[in-house]
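Take a look at the structure below.
Letters A, B and C mark the chains as written, and numbering starts fresh at 1 in each.
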Amino acid sequence: MLGKLIKYDFKSLMRILIPANIAILGAAILAALSLQFSLRTSVGAMLRGGFMQLMRTLSGLLVGLMFIGIAAACLFITFMVFYRFYKNFISDEGYLTFTLPVKTSQLLWSKLITASIWMLITGIVGLFSLLVFLLLGTSETSFFNTEIFAILGELFRVFGSATGSKLFLELMLFTLVAMVANILHIYLALIIGGVVAQKHKLLAGIGFYFIINVAQGIVSSIVTFAAAGSTVANMESSMQVDIIDPYDFGLVLGRLVSALQPMFWVTLATTAVFSVVFFILSHYLLKNKLNLE
Amino acid sequence: MAWIFSSDRPIYLQLTDRVISGILTGEYPMGSKLPSVREFAEIASVNPNTVQRALAELEAVGLIDNQRTTGKFVTEEEERITMAREKRGSALARDFLKNMTDLGYDSDQVSQLLREAQEEKEEDEDGYAGY
Amino acid sequence: MDMPVIKCSGLSKNFGNVYALSKLDLALPAGKIIGLLGPNGSGKTTLLKLACGLLTPTEGSIEICGTAPGQESKALVSYLPERTYLPDWMTAQQCLDYFEDFYSDFDRARAENMLAALGVPGDTRMKTLSKGTKEKVQLVLVMSRRARLYLLDEPIGGVDPAARDYILSTIIRNYSEDSTVLISTHLIYDVEKILDEFVFLQQGQVVSYASTDSLRADLGKSLDEYFREVFRC
């Protein structure tokens, strides 16, 4: 049943999110090409012809527009993922959703999994688009920017090393956990809005997002503060300039990472605990308190 | 079109009356197959259980034969239908007489009225009112 | 007698301080079409929502075919809410797929026939249908399940007489002997012909529960007349 739920969630978002992701990629390519065009139009040409000048201005404008477009598309995708949740759970569609022969937990899981997948897809498309833009749009002399390749190679080398790959994995892990926590945070807010408000449930949900945010902020700053002492001590002992060469990038990174380890795990654990709490609360409210209009 | 029922009698009784009328007037000829319970329910727009009950009543008095596999048929025993006709006829006559008496007619005046009506409506054989 | 399809014991539901149902006891048998009748705010919708698991009782219990509402009971219950609940991006065909995927008792061929009779093409999106047609599609989906219990909330409220006939005949056509149909409505005159039994609710409690024919036989009154008498203002 969970599989079927995911299938339909995926389908309903696919219609909107695939075109939106293609639009992001397309905008990035277009921006890159028009930037390349304006880089290659020499200053002399610019002075000579009003037409060229116009084209250059236009292409600059286009680059800006494309970036605004990409930002809008990303916002739009995020909004759609959560609007889908609201429609499916809190609005009239809830009458269908909550009378399906499935467990409430399965409903919640399916929403969490589809949202996570779409967020990841969008994130990957976004990164890829940035890469395309940097590769295609930033060189005056060649079609591809070879310097970017070099930097990429360096990045891969650093992340490929023992410390680097550990750092990379930890970053990935943290991204995932933070993403899940954020999704569940918004879900919980929407659910509380649906339970508490008689009308304007969506608006109430947005309000509760900020209330949860404040509560979460207070708790996590207490935890962080408690953990901060040892981290600062760690940093001081391991980063003394007289022991390490500040220009050895790999070494500095390694020291930094190991000094920040306790802090990292504390933050990760806090975020994970928040996720679990959000999930349990959401599940309880959906099961026992939600009264559809 | 849904059938109309009056509100003072159980619907299943009104249904049996209606089906008997159908049998007597030839809507459901002797020995013919009757619509199924569900078809009846849809035609009359009533509950299938009510139809079931009405048809069971008719089965009990022998107007309907239930052949388990093929369905329900109007009986082929003529005397059953004759009996039903007589019963319906005398019931109608009694009702008619009672109504006329209530209006203040005596039986001679009723007979007189009936003769006149007969003459006026030569060609219209079964122009009964009220039912 | 078999196990009741719905069994409520001391069932109460309150919203804040307002009691929608209070200490309601009721057992409904299989194989009947039953009217759930009562004035507005008498708790009809609340009872249906409790039966299909959209709400949880404040006190007391409700059982569907012997189990508390949950995943198991939801597979047995076919519920038609007052709202139009189909996602507007879905086509009629996708709605059928959806029901077929989630409900093992869904009779697709039957649903296809009814949709064809209604003249709803498979590739129409719900968004483009009128409210009345959407409601009919929902009815078709709900009645195409071979469920044990059908819960129909005001199925004929706010539709024209032709649609009313269509809805009632759809219910009659698809009802089977071992399932129970519970129809909530305040339009008693239109539904009483198809009811075996009726439950009158008032202020969250059962005022009377009897068979429609016995009412006529005993009191010489139609349900509609009786209702007007009981709930005279």
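Note that contacts are C-beta pairs under 8 Å (C-beta built on N, C-alpha and C of every residue); 3 or more make two chains touch, one makes a residue touch a chain.
Predicted, not measured: the structure shown is a model, and the values here were computed from it.
Visitor: Name, by label, each chain that touches both members of the pair chain A and chain B.
Guide: C
Visitor: Quick check on this structure: which chain has its C-alpha centroid closest to the centroid of all protein C-alpha atoms?
Guide: Going by the distance between chain centres and the overall C-alpha centre, it is C.
Visitor: Using only Cα atoms to place each chain's centre, name the chain farthest from chain B.
Guide: In terms of C-alpha centroids, the chain at the greatest distance from chain B is A.
Visitor: Any idea how many Å lie between the Cα centroids of chain A and chain B?
Guide: 77
Visitor: When the centre of a chain is set as the mean of its C-alpha atoms, what distance in Å lies between chain A and chain C?
Guide: Centre-to-centre distance between chain A and chain C: 45 Å.
Visitor: Determine the centre-to-centre distance between chain B and chain C, using the mean Cα coordinates as centres, and give it in whole Å.
Guide: 35
Visitor: Going by the touch rule set out above, which residues of chain B reach two or more other chains?
Guide: Answer for chain B, listing residues that touch two or more other chains: there are none.
Visitor: Considering the complex alone, what residue numbers of chain C touch chain B?
Guide: Contact set of chain C toward chain B: 31-33, 165, 168-169, 172-173, 175, 177, 193-196, 212-214, 216-217, 220-222, 224-225.
Visitor: Under the definition above, what is the set of chain C residues touching chain A in their complex?
Guide: Answer in residue numbers: 15, 49, 52-56, 70-72, 74-75, 77, 79, 81, 83-87, 89, 98, 101-103.
Visitor: Flag every residue of chain A that touches chain C in the complex, lowest number first.
Guide: Those in contact with chain C are residues 1, 4, 7-8, 12, 15, 87-88, 92-96, 98-103, 287-288, 290-293.
Visitor: Please give the residue numbers of chain B that touch chain C in the complex, ascending.
Guide: 2, 5, 7-12, 38, 41-42, 44-50, 53
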